[in-house]
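Each of the next two complexes has chain A plus one other chain: chain B in the first, chain C in the second.
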Partner chain A sequence: MRTFLKIVGGLVVLGIVVLLAIIFVPVQRTPAQTALAADWQPQEGHGEYAMRLSDCMACHTEEGGEPFAGNRAIESPLGTIYSTNITPDDETGIGGWSLADFRAALYDGVRPDGTHLYPAMPYENFRHIGEEDLRAMYDYFMTEVPPVRQEVEETSLTFPFNQRWGLRLWKWVALDDAGFTPDTDDPVLARGQYLVEGPGHCAACHSPRNMVMAQAGTGAGDDAFLMGGEVAGWTAPPLRGPQSAIRGWTEADVAMILGTGRNAHAALNGEMQLVARDSTQYFTEDDLQAVARFLIGLNEPLDPAAETRDDRVTETEQLLASATPDMDLGARLYLDNCNACHFVDGRGADEVFPELAGNSLVTAESPRGLLTMILGGSQLPSTALRPYRLRMPGFAHRLDDDEVAALASFLRSAWGNAAAEVDAGTVADVRDAQL
Partner chain B sequence: MARTDPKKDVVIVGLGWTGSIMGIELAKEGLEILALERGPERSTVPDFQYPNVIDELKYGIRFGFMQKPRNSTITVRRNVDETALPMRKLGSFLPGDGVGGAGIHWNGQTWRPMANEYNLRSYVIENFGEDAIPDGMTIQDWGVTAEELEPYYDRFEYMAGIAGQAGNIQGEIIPGGNPFEAPRSRDYPMPPLPEQTDSRMFREVAGQMGYHPFPRPSANASIAYTNEYGMQLGPCNFCGFCERYGCLNYSKSSPQTCILDALRRYDNFSYRVNSEVLRVDLAVDGRTATGVTYWDEEAQEEVIQPADLVILAAYQLHNVHLMLLSGIGEPYNPASGEGVTGKNYSYQMNGGTTLFYRDVEFNPFAAAGSSGVSIDDFAINQIDFGAEGFIGGSYITAGLSNGQPIRGISLPRGTPSWGAGWKQGIGEYYGHAMSIGSHGSNLSYQDCYLDLDPNYTDRHGRPLMRMTFDWKPNDIRMTQFMRARIEEIAQEMGADSWQSSFKSEGARYDIRPYQTTHNVGGAIMGTDPNTSAVNRYLQAWGQHNVFVLGAGAFPQNIQYNPTGAVGALAYWAAEAIVNDYLPNPRPLV
Partner chain C sequence: MPPKIPHTTRRLFLGSSASAAVLAGLPIRAQTPAEPDISLEDYTPEFLDAAEWAFILAATARIIPSEGEGPGALETRVPVFIDRQLAGDFGAAVDLYMEGPFVADADPFLGTQSPLTPAEVYRQAIPAFDAWCERTQGAGFGALAPEVQDAALQALADGETDLAPELRDFWALLLQNTKEGYFADPMYGGNAGMQSWIYIGFPGARANFLEWVGRDEVYPMGPVNIAGERA
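On to the complex of A and B.
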């Protein structure tokens, strides 16, 4: 008995020591992955461009607030996380940070005082940003961004998530090696891979989360990479695999939607609209093409027969065109509410009215994004090439839960779509979440 | 109690088609620009959103998108001996209100005038002698030619995204188009809209009669389209709610669909709504404008807005009103024929024949505002004025634009207008009628003009503008000629019955029934400061930093819907300002 107690006591002491070590032993910060000369200077505009590539603005700027002054509420599964002030203000921002401090935040998710950052900050991806982009960004934030004195709302998650030291353990599991090595010699594909895996942090939303809420795939070698996730009630659709949202698209289609928010097939929705607004519309044509080529390369080529658009009249189109009074509620609601723009063939019109046939939002496993769209509508961001903030009105005031469920179920099964029905209870949930 | 705001490079009065065009073209130059719109903000969503906008009572009957006479009206009389009275209810014409102006609620017919309409006076004298011009007719040349303006029509049509079929590309006659049109440099940016039953029937018969039918040029998109500013249109779904409504479908060309979101991206451009310009302020010597004074509805105060360049881009009536109130150009005096501001107000001479068919279903509810078929065989350049005894011309056209229940149902004369007989008539004839219309020129006359009313004032204490206008025998002879041509066609079309409505001898102008919102003149362009209010670049003769856009520039009305010419002139003036005026501000002529 005494021996047993001794063992237990020893384990408790060991545990405390380990815990104290986890909390108090300073984190080893990842060093620069490439040695740059001490006097290396970014070219004019490089820093701002790297910021655009990394989309710092969307999360670190409050709606209507000063750029980068933080305080944007980010809804995470763990609770609301408030973004920090990353202007170079000495007291409330990152004014006193060294390059190494800045790198540690991006690569290791730690602040200069050793506090662990929640992984809403996508250091899982940013640890693959190259040293040149990183230093250019540091230079940009320190010398070009005006300092803004603004305290941000303190993030206070519930226990156990408020124990930030636990993130250190999480990082041992979640983080892969820093740095970036392309899988290919093709410079365009390599650039695309770098942009997608590193600064673009696409996997933060488009990869599923694993058991510990880490990205299940951060690189092209991972099976789950870009296989679809969820963000703020919207589906971040898979960009690979059988349900790939970009299946059948051309590189030009991908470049177009990233650059302008819209293309011949679809329009960006949900959080991705902010990505186009603040980030991808500023990509150079070359970079858009590189991203597009890399993403298309992750998809199996369609067989040639399927690549030509199927112009046969679908049963759905015949049904809608017949306009018989006895058709089901969902089809009738479609004619009365949606058909004006999306048409009986469900193909809409290029760059203006998205296709609903094969639309990844419509057929997503979770219908929440589709329901959010039907109830609340959506407005495209203004971009340089396509400035029009085209807006679909919401139908929450016009359709009740049963009707929205019938309409959504119709859409999910029309024109060859094959997704599960939606029930009114789910609609009610989404409606409540919107209010 | 006026506040003075910081000076701008440019102030634009009105944010409809012309204000938006000038706004974006000058914004590109980096100028600091403020546009002042007296009406409210208007966007497709929520203001035109489906299904709210499909409300005939609210918008079609009660004019939800139009100016309210209590805020803005005119007085009207038919000749100089009458005392003008205020128009207290809209009727004959419907000026728009708010961002987009009348550009949101038009049907979308987008024409180019015939080449001889720009030099009508010279054309008549050269071909028919000076005696062909009746006493009191004051037609003038515009001072520009079809060739000069062609690139600007092309620009406007490609910006607005017009669906149509060219008839004359660089002199080559194209089958299926209008063979009588002035040469254009290339085809329309969009193919014509699909053809409805009534249009097909009209086209077939007109063709058999040796005429040259062609699709109406339409600002209702036939395909998805992106214009030079990156702005986008989606294909029209033939919802049948076009004129008097904003388009729910991003299909009708308007400042909203074609310009405004692109313009909003310029940090050097801003605009204020609910801001009514009261006058243009002139320098002490009167030779330049110093800016404008406007009424800020929100702040409930007058605001002095200094600016180097003043663009009048309000509706024609309001541009002329502001000129009269501000002392821009000498007011026109009908007795002496001297003075220029307010001169040559003119309108549009229209008529039509309705055909009833018991056995034909026209499905008028599936319609676009300007889908249809026209002939120009009796256009102003096809008529022997000497032989026919009038100066003018008209296009003749068929095309149902709506099947709305309150205003959109034609019934044979004699059908009761209420009760069981009316219901029976509706049951029998809804969807069984089509019409053939004449849309004709209206010329200018010595005693048709605009000036300040001596008796009535508006809510700001400013004199109302007074319209003196009546129909004249020349134009009635024109429309009666068209009636004869249309009835010949109607006869051939084999309707069960038909009935005509054209102005006949002795007809007087009546402001109550809707006729058309094609008010023109009063700020006419020309080559002589003694006979025109603005020069050929729409620059005020007396104040070189004031430009006056819009249909006020027409010295007499063309036989077409005016928007095409209004748009082309806006681009023409914008280019002159950018290339010629800004580097060296001065009178351009």
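On to the complex of A and C.
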């Protein structure tokens, strides 16, 4: 008995020691992955460009706020996380940070005082950013971004997620090795892989999350990499695999939509609009091509037999073109509300009206993105090459929940689309969430 | 005081849009209807007073009569359209250049010359025209027999009713507004139940008929309005 108590007591003491160690022993920071000369200086514009590649702006700028002054509310499954002020203000920003501090935030998700950052900051991906880009970005934030004094809302999640020390354990499980080694000798593909896996942090939304809510795939070698995720109620579509949103697209199509927000097939929606607005439209043509080639390379080439689908007149098309008064409500609502722009073949018009046939938003497993689009509409960001902010109106005032459900169910089964029906209750939920 | 209802058109007041559509065996839209239209008898005008309202009912009932082909102005609630337009921006001439000089008796080819807004034209012309009817026909417009009403309106159209120069556009306005109320989207109060669209085969605000261009066939589907209602 006494021995047993001793063992239990010993385990308790050990547990407490480990816990205290987890909380108080400083985190080992990941060092620079490439040694640069101490007097290494970024070329003019490099830092700002690296910032664009990493899209710091979208999260660290409030709608209508000063650039990089933070305070943008980011909805996460755990609660609302407020982004921090990353202007070089000494008191409320990162003015006092050293290069090593900056690197530790990007690579290890820790602040200079050792506080762990929530993984809303995509250090799972940023730890693959190269030292040149990282130093250029540091230089940009310290010397080119004007300091803004702004305190941000404190993030207060519910227990246990407010115990930030727990993130140290999470990181042991979630983080892979820092640094970047391409899987290929092809310099264009390698560049594309770097941009997608590192600064572009595509996997933060487009990879599913695993049981501990870490990205289930952060690199091209992972099965779940870019197989689709969810962000703020919207589905971030898979970019590879059988449901790939870019299936059948060319490299030029991918480069086009990233550079301008629209292409012959689709228009960006949801949070991805911010990515084009603040980040990808600033990519050089070479970098857009590299990203496009890498992403297309993750997809199986289309079966030539499947491609002939495009030239066949579908049953849906025939039904809609007949304009018979007794067609089902969903089809009738399509003619009344959608057909003017998206046409009976569901193919819309290049760069203006997205295709609905094979559209990843329409056929996503969760219909919430589609319902949000039908009810609230959407407006494309203005980009340098395509400045016009094309807008789809919302139909919330025109269609009731049953009608939206019928229309959405029609869209999800038309022109060869094969996604599940939508019920009116789901529509009511989305409508409530929009108000 | 309730509006004085001319006896010749009383039976037509049955026709609020929904009941008329039912009587005519037309398909009723399947979705939850908005506020059902109250009958013209119970409608409280926003702009027109009782005598003006009675005149508009009587006059529009002759301009687009209910006898004969197609729905008339009353079943399609044209008077409601006119009342709402006069109460709103159209009546107040918001979109018209209303600074002088006004030369009310200038050549009609020089366009609108009246210093009055459309609402003021209606307000002043209705009693003036009614007085002309009393003087020449022995009774106010509403009390005249339909054939006499038609003749009076013809005289009005021909400029033979002694209206002041600044009121000379009254007939043109009344005719134009009656047509607009008959054919405009129901959201403006007229064209109740899209009856005029059904009658002429206009498919409404659907905006794309690409597959039907050049086909010598009747487009089979009923109309849809801006609110998304179907008929």
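By our rule, the second predicted complex is superposed on the first by the 430 of 435 C-alpha atoms of A that agree within 3 Å, B and C clash if a C-alpha of one lies under 4 Å from a C-alpha of the other, contacts with A are read in each partner's own complex, and residues count from 1 in each chain.
The rule is short, and it goes like this: a residue touches a chain if its C-beta (ideal position, glycine included) is under 8 Å from a C-beta of that chain, and two chains touch if they have at least 3 such contacts.
Keep in mind that what you see is a predicted model, and the values were worked out from it rather than measured.
Novice: After aligning the two structures on chain A, examine chain B and chain C and state clash or fit.
Specialist: Partners clash after overlay.
Novice: On the A-aligned overlay, A:255 touches which partner chain: chain B = first, chain C = second, or both, or neither?
Specialist: Touch status of A:255: no partner.
Novice: Could you tell me if A:398 is touching chain B, chain C, both of them or neither one (first, second, both, neither)?
Specialist: Both partners.
Novice: Touching A:349, do we find chain B (first), chain C (second), both, or neither?
Specialist: A:349 sits against chain B, while chain C stays out of touch.
Novice: Which partner chains sit in contact with A:340 here, chain B, chain C, both or neither? Use first/second/both/neither.
Specialist: A:340 sits against chain B and chain C alike.
Novice: Using the superposition on chain A described above, determine whether A:408 touches chain B (first), chain C (second), both, or neither.
Specialist: neither
Novice: Which partner chains sit in contact with A:69 here, chain B, chain C, both or neither? Use first/second/both/neither.
Specialist: neither
Novice: First (chain B), second (chain C), both or neither: which does A:390 touch?
Specialist: In the superposed model, A:390 contacts chain B only, not chain C.
Novice: Should A:324 be classified as contacting the first partner (chain B), the second (chain C), both, or neither?
Specialist: Touch partner of A:324: chain C, not chain B.
Novice: Chain C: which of 91-99, 127-135, 145-153 or 217-225 bumps into chain B?
Specialist: Stretch 91-99 of chain C has C-alpha atoms clashing with chain B.
Novice: Jot down the residues of chain A that show up as touching in both complexes, chain B in one and chain C in the other.
Specialist: 337, 339-341, 343, 398
Novice: Show which residues of chain A lie in contact with chain C when the two form their complex.
Specialist: Touch residues, chain A against chain C: 321-325, 329, 332, 335-337, 339-341, 343-344, 395, 397-400, 402-403.
Novice: Along chain C, where are the residues that touch chain A in the complex?
Specialist: 27, 30-32, 206-208, 210-212, 219-222, 224, 227-228, 230
Novice: Quick check on the complex: what are the chain A residues that touch chain B?
Specialist: Where chain A meets chain B, its residues are 337, 339-341, 343, 348-353, 377, 379, 382, 384-393, 398.
Novice: For a test of understanding, state which residues of chain B touch chain A in their complex under the given definition.
Specialist: 43-46, 49-51, 223-224, 226, 229-235, 237, 239, 248-250, 257, 261-262, 264-265
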